[in-house]
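The same chain A turns up in both complexes below, where it pairs with chain B and then with chain C.
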Partner chain A sequence: MKAEYDVVVIGGGLSGYVAAARAAERGKRVLLLTDGLGSFPFLPGHIDVWGWAPLEKSPMVLDPVQGIGEYLRSQPDHPWGRLLDVLKESMEFFRTVCGSQGLVYNPAAGRNIMVPTPLGMARPAFMAPESQYVPGWDAADKVLVVGLAEYKDFFPLAVAQGIAGSRPARDVRTLTVSLGLPRHVDSFTLAGYLERDECREVFLNRVADAADGRSLILVPAVFGLEAAAKVLSSVKESLGVPLMEVSTLPPSVPGLRIYAALRRWVMSRGVTVTANVRVNGAWFSNNGCAGVTACISGREHKFAASSFVLATGSFVSSGYSWQGGQPVEPVMGLPVTLPREGIEGVDGPFLDGKGKDFMRVGIEVDDNLNPTGPSGEVICKNVFITGSKLAGYDFSVEKSGTGIAVASGYKAGNLA
Partner chain B sequence: MLKYQVVVIGGGATGSGVLRDLALRGVKVALVDKGDLCSGTSARFHGLLHSGGRYAVNDLDAARECITENLILKKVAWHCVEDCGGYFLQMEGDDDRYVQKWVEACQAAGIEAVETDRDAVLREEPCLRKSLQRAFRVPDAAIDGFRLVYSNARSATRHGAGMYPYTAVKEIFRTGSRVTGLEVENILTGERSRMECEIVVNAGGAFAGSIANLAGVDLTMLPNRGAMIVFNHRIANKVLNRLRPPSDADIFVPHNTTMILGTTSVDVVKPDDYRPSREELDRLMTLGGEMVRDLGDYRPLRAYAGVRPLYSPGTSGAKGRAATRNFVLIDHGREDGLEGFVTITGGKFTIYRLMSEKTADLVTKKIGCYVPGSTSREKLVEPDKMATERVRKTFVSGFGELTVTRSASNLDEVKAELARNPLSKDILCECEGVSMAEVMASARHLPLQSLGEVRRRTRMGTGTCQGVFCGVRTTGLLVEEGFLGPDKFGPFLAEFLEKRWRGQQAVLHGQQLAEAELALGVYSSLLCLERIQYGAFNNEG
Partner chain C sequence: MSIDLDQCVKCTTCLSQCPVGAVNVLFDGPKRLGPDLARIKRTGSEDYPASLKLCSNCKNCDLACPFGVGISRMINLARGSYLENRSFRLRDFFLANVELTGKLINTFPLNKMAGYFTGDGFPARIGQRLFGLSPTVAFFRGDGQGPASFRKARQRPGQKRVVYFPGCYAHFFEPRIGVAAVRILNHLGYRVELPDVHCCGLPQVTNGFLAAAREKAVENLSLLGPLVEKGLDIVTTCPSCGLMLRKEYAELFGLEEAGVVAAHVWDLFEFIGRDAGVDSGSLPAIHGRFAYHAPCHLRATGTRSAALALFSGLAGLEMVDLDGGCCGLSGSYGFKAENYATATAVGRKLFDRVQEVRPDKVLTECGTCKIQIMAATGLTVEHPACVLAELLVRGTV
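Now for the complex of A and B:
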């Protein structure tokens, strides 16, 4: 079978798209196979690199490179140990790609910035879109938090409490405005709705008085999808007050904006994106993986290439399945590393600073992101593992998920 | 000083049943519970309304009681019962002689057990193993324990009963050989007060022993734990019973979109030993798998356990499954020379009404105002056709039906919420189809010490996602509507998640890992709740 493609990327989440983008930039012929929206509806918009070491009561990290370095001394197999070399250039690449599509990220300063959680608490992030980060926002003294009556996943009083928490003397007000819709709508619908001038007009009319004299307005991150930049600048202009979007519960509009930007960019660079594909197997030659098989509309298809990026995620995206009491990697049958204590019967609280062993389940890799076996030997030199498929980290407590996705996707795209 | 004729201790099925029964008879009565209503064993069973078949061979009286109560509750607690019916199933290797005895015993007890064609049953319930030999249809049903308890409590308070949740009994006073009242502590405020009464009813379930001790009476309970697993599928449409002598994992009960597999029987020391062991859960899966094929492929949502308040009078020494499931009504005046103290214990959920009625009979005789009980006739809620239609029409199809059944006992309040804010018709918990209006209507009456109070009353957070999405939404709604201070948002949510997690940990494998990963993605990665716990954010400020 003659390979039509140089690189096949399996999985259309953040790391898969970044890998496809980077490989395409290097002039490779790339095929991206996806099944759904991947991680995008869950991404809050900002990119995380390292917020806290996964230890009980560890302090918040302000300098992520330094923080990672400290952690790697005791845990050298953490994925960041194999990705720090591309941290800077991968972030810059991501920023350039998104920026070219109108999704502007503030340049990363190398130190963490503070962004509000959906509950208004300031938390560390590596870089954020302009719409979600106004420098000095956490020092603004006259804040107005605006919620929408038709949107049930944003809580102005909670956000007000969260941002006032650190400086109780601050003047924080809240307002919930109705857009006059007959029922609640989800964030995606709302984002589309707010792209229409007449709908935005209703919002502006009802906020104008309360906005007067405020130094910052916080709104849920639902102000436009593809046309977000235009929507936000028009709202800001009309109100005459700095405006900042606060990330929301999933489905997340900022996540979809990243998706739209990356997708437009890779398509413009000739990447073939095939959706609704469940890759279910692979075949191998002496040189490693020779191709993957997939089911499309009930028919079996084969895709050969010279290298492969496996970006199918973890359990939540069916990147691992469960057979006979063990997690299994269903595409290539790669060995999945389990925590020493096993997965079942975990003790301890749901929320703690240490993280969970089952979140660290994954595929071990070498410095080139090639999968390795039990004694560290490389299994396939032409297969690259990215994102939450990687073993040895719990993105949720570290606040490292999107950063590792971008960096590993970039590195895979570099090497594939 | 609060004055009542009777004070009932314990807000489970029996306690709330006694409360309502006495209130309907015109007795001035109040209930105290150290926690929320329905937070003990009545919240931790499999939700089966027994036909009595399970007890037919070993205990004919218990079987008769079950079938009588089964038929009564289907009428008076109509909104709590899903009359799905059930099967008793003889699998390969199950004793033929037992089956014969069972058929005869059902007949003697008056339980309608109709043999049904094996192949037809396999077609109807394709989850069953082909090793099925014979099948008998019985009038089993599923019952919502929470709804039943809250409906009893509501009916009682509407008839003038006093209700004191989060109220712990500290002391039971006696003058000579007579109980005269109690000292209680509001555990939320720490405030202590006295209640004067003629009779104290001990309906403490597995805690009955320690309550009796407060009155200076020795009552040795045999707490016995039963574990259950909830699956994320309605595996079968009917209750599935194994047709063999009572043993572990012999029952599957469908509830809405889920199925509960139970139970085990393990003697325990503490009355709140609610944590099932790994070994118990493995046994449930193995034995349950003898009836249902590929049981391991279904996704377990959570595991939990309840503690049966077993009691053996005298020194029969019978424990576990051998201990009687009959109820025991103890007049401590006669037994221990302490007048005005009555204990109702043992028994099972299905016959809670009968237990309550017998207790109320004794109590009313003691205080000299005996009138016959009416709970076998008087519905917990009279269906309100007009309001039902109006509320039903508010919702998109399907959800309306769920809402009007779920909210039968506070339909007027749900209606008022809908009138107050028409947008409150929208759904907060998508798994169970719970509307904002329902959450608001119940929240107005709650002390809101935990989200569990709302969960038990509305079913929010009990479905597939186990509160991943609706947990934060519901808390947000409570904050935005002023029921909860914004500073409570994080701690309130965290407490809810920890409770849910305890049930999920034991069954954390397969598809359940995906849900757990998703939950951590939302609550830890996005909301950083684990850091709020110890104020990492405040240090930063």
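Now for the complex of A and C:
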């Protein structure tokens, strides 16, 4: 079978798109097969590399590279052990790609910055979009938190209390304004509406008085989708006060902005993106994987290439299934590893900061992200594993998910 | 009870890709009208939200769902139940029964009367107002060849046989697409079978006539089933007919025999690709810039834009993938006056992209996408089959 493509990327989440982008930049002919939007609607917009050291008593990490180094001493199989070499260039690549589409990220300082959560508490992040991070924001003394009456998933009072709690003397006010819409709407619909001049005009008129004399305004991250840069700069200009978007509950508009930027970029570089394709099999030759197959409307479709990036995610996105008490990787049947200590149920305290065992389930890889077997032998030299498919980490307690996705996607795109 | 209802975790990702929800705040959106409503129905509630009528059935919710929930199927079934025992507008009846409408329009003297709706003169505007049709209808004009003119095309003898499913658009309004398809399939060495198939039933589904749509499905399957059993493949040039045959007959109506037929249905360009029958390098050069619009229903079948790939390989031609999302018209949706503003707003992104690219011509497989893009941009829009057939003719001279 003649291969139309050099690289087939399976999975259209963050790591899949980054892998496709990097491979395309290297001049490869890339096919990206997607089934759903991946993690994009859940991404807060910031990129995390290492925010919390799960083994420490006071886990907040300020220097992520140092924090990872310390963690690797006791947990050498953590994915960052195989990705630190591309950390810097992968972040820069991501920043350049997004920036070229008008989604500007502040350059990573190397140290974590603090960003507000939807509940107002500050949390560490590695890199943030301009709209979601104003340097020195946490020192601003006259803060105004603005909510929107039509948007129920953002709580100005909670954000205000979270901020005030960190330094009680601060003057933090809240304001909820109506945009005059006939009903409650979600973040995404709101973002579309705020791209309209007349809708933004209503917002500005109703906020102007309260904004006067404030040193910082916090708003939910719903100010425009693909036109966000234009929307935000016009709002900032009109109010004359630094403005910062706070990430929201899903669907997260900043995540969808990343999706739009990456998608536009890969398509402009000639990547073929095919939606609604659930890849469910593969065939092999002496050189490794020869192609993958998908059942589309009752017919098997074949996709041949010289290398493959497996970016199908973990259990939530059906990247793994659970059969007969064992995790199964349904595309290539690669061995999936359980945490060394075995796996406990998901009951018990939900947010105890220790994470959940099933999150660490995944495929073991070598330094080239090739899948490895029980004794460390490489199974397929032309298959690369990325993102939450990787074994041995729990992004929810480490605050490492988006960073590992970007770095592993970049590395896979480099090698594929 | 659908098995995928429990797979919905209410993450709202579907809404984030809903083109209608993005521009019409009165639309409840795919999550509420799909899985949420299906859950409420299990309690025996008889209430239906009126905004079920605002769904354009573009399928972008299905494409976005990370968990494989058949959202649009749930909406279509709910809309069918909602409209089942209600009185309907005459207009909706005619928009739904394209087969009947197509026959009427093509029958003298009704083809003249159709001019009272399709056109932008004064009588047309009155007709549109009277029937609740949107101004986009003005661009709905046939190619004047007469229905199913492709049946008359003389075929070259071929060893292999294949079935062509034209769909109502190519059958009644633009038969030159059918002529092109027959010519291309001939070129690949196929003799083309043209059974008397019916409307795929999609317009009936979206207008709430589910029982009638199911009848069409049963009739079509009884015609196509035996041909498939003989080993013949079925080729479509309409993405929506393709989607019905490949997915919806099984998923919406639970027709068992649908699966057998579905596995043999091909989009024309996908079929060309399988046979590797047309080498774009050997075709005569076209000089210029074409833009390609991928219809939502083609993307929903999981089909690669095979036409785009083929044309991208042509000498002299700059081929641009518009990637502008839904055109907004969505079959009969945008022909209704009350949906005109929504349909136009949905298509804005695509229209802007077209203006930015400034192509000589836009290629798209879908007949109604074509009408919408023509109406909004004034450019020539063609089915890629028509362009390819012409190149094949030129190539052999």
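What we mean here is this: the second predicted complex is superposed on the first by the 401 of 416 C-alpha atoms of A that agree within 3 Å, B and C clash if a C-alpha of one lies under 4 Å from a C-alpha of the other, contacts with A are read in each partner's own complex, and residues count from 1 in each chain.
As a working rule, a residue touches a chain if its C-beta (ideal position, glycine included) is under 8 Å from a C-beta of that chain, and two chains touch if they have at least 3 such contacts.
Quick caveat, the model's predicted, so the values are computed rather than measured.
Trainee: Where does A:W52 make contact in the superposed view: on chain B (first), on chain C (second), on both, or on neither?
Mentor: A:W52: touches chain B, not chain C.
Trainee: Where does A:F42 make contact in the superposed view: on chain B (first), on chain C (second), on both, or on neither?
Mentor: both
Trainee: Which partner does A:S100 contact after superposing on A: first (chain B), second (chain C), both, neither?
Mentor: neither
Trainee: According to the stated criteria, A:P349 is in contact with first (chain B), second (chain C), both, or neither; which is it?
Mentor: first
Trainee: Per the contact definition in the header, classify A:A149: touching chain B only (first), chain C only (second), both, or neither.
Mentor: A:A149: touches chain B, not chain C.
Trainee: Determine, under the contact definition given at the top, whether A:P118 touches first (chain B), second (chain C), both, or neither.
Mentor: first
Trainee: After lining up the shared chain so the two structures overlap, which partner does A:N287 touch, if you call chain B first and chain C second: first, second, both or neither?
Mentor: A:N287: touches no partner chain.
Trainee: Looking at A:Q66 after the superposition, I want to know if it touches chain B, chain C, both of them or none. Which is it: first, second, both, neither?
Mentor: neither
Trainee: In the superposed model, does chain B or chain C contact more residues of chain A?
Mentor: Partner with more touched residues of chain A: B.
Trainee: Looking at A:S233, would you say it contacts chain B, chain C, both, or neither? Reply first, second, both or neither.
Mentor: Neither chain B nor chain C is touched by A:S233.
Trainee: Quick check on the output: what are the common chain A residues between the chain B footprint and the chain C footprint?
Mentor: Shared contact residues on chain A: 42, 183, 250, 316, 318.
Trainee: Can you list the residues on chain A that touch chain B in the complex?
Mentor: Of all residues in chain A, those touching chain B are 42, 44, 48, 51-52, 57, 59-60, 114, 117-119, 121-123, 147, 149-150, 152-158, 160-161, 165-167, 176, 183-184, 247, 249-250, 314-316, 318, 322, 325, 327, 343-347, 349-353, 356, 358-359, 394-397, 399, 401.
Trainee: Write out the stretch or stretches of chain C touching chain A in their complex.
Mentor: Those residues of chain C that touch chain A are 11-13, 15-17, 21-23, 25-26, 29, 62-68, 246-247, 250, 259-260, 262-265, 299-305, 309, 321, 323.
Trainee: Would you mind writing out the residues of chain B in touch with chain A in their complex?
Mentor: The touching residues are 278, 423, 425-426, 428, 436, 469, 472-473, 476-477, 479-480, 486-487, 489-490, 494, 497-498, 500-501, 505-506, 508-511, 513-534, 536-541.
Trainee: Going by the contact rule set out above, which residues of chain A touch chain C in the complex?
Mentor: 4, 31, 35-38, 41-42, 181-183, 185-186, 188-189, 192-193, 250-251, 256, 263-264, 267, 272, 274-278, 294, 296-299, 301, 316-318
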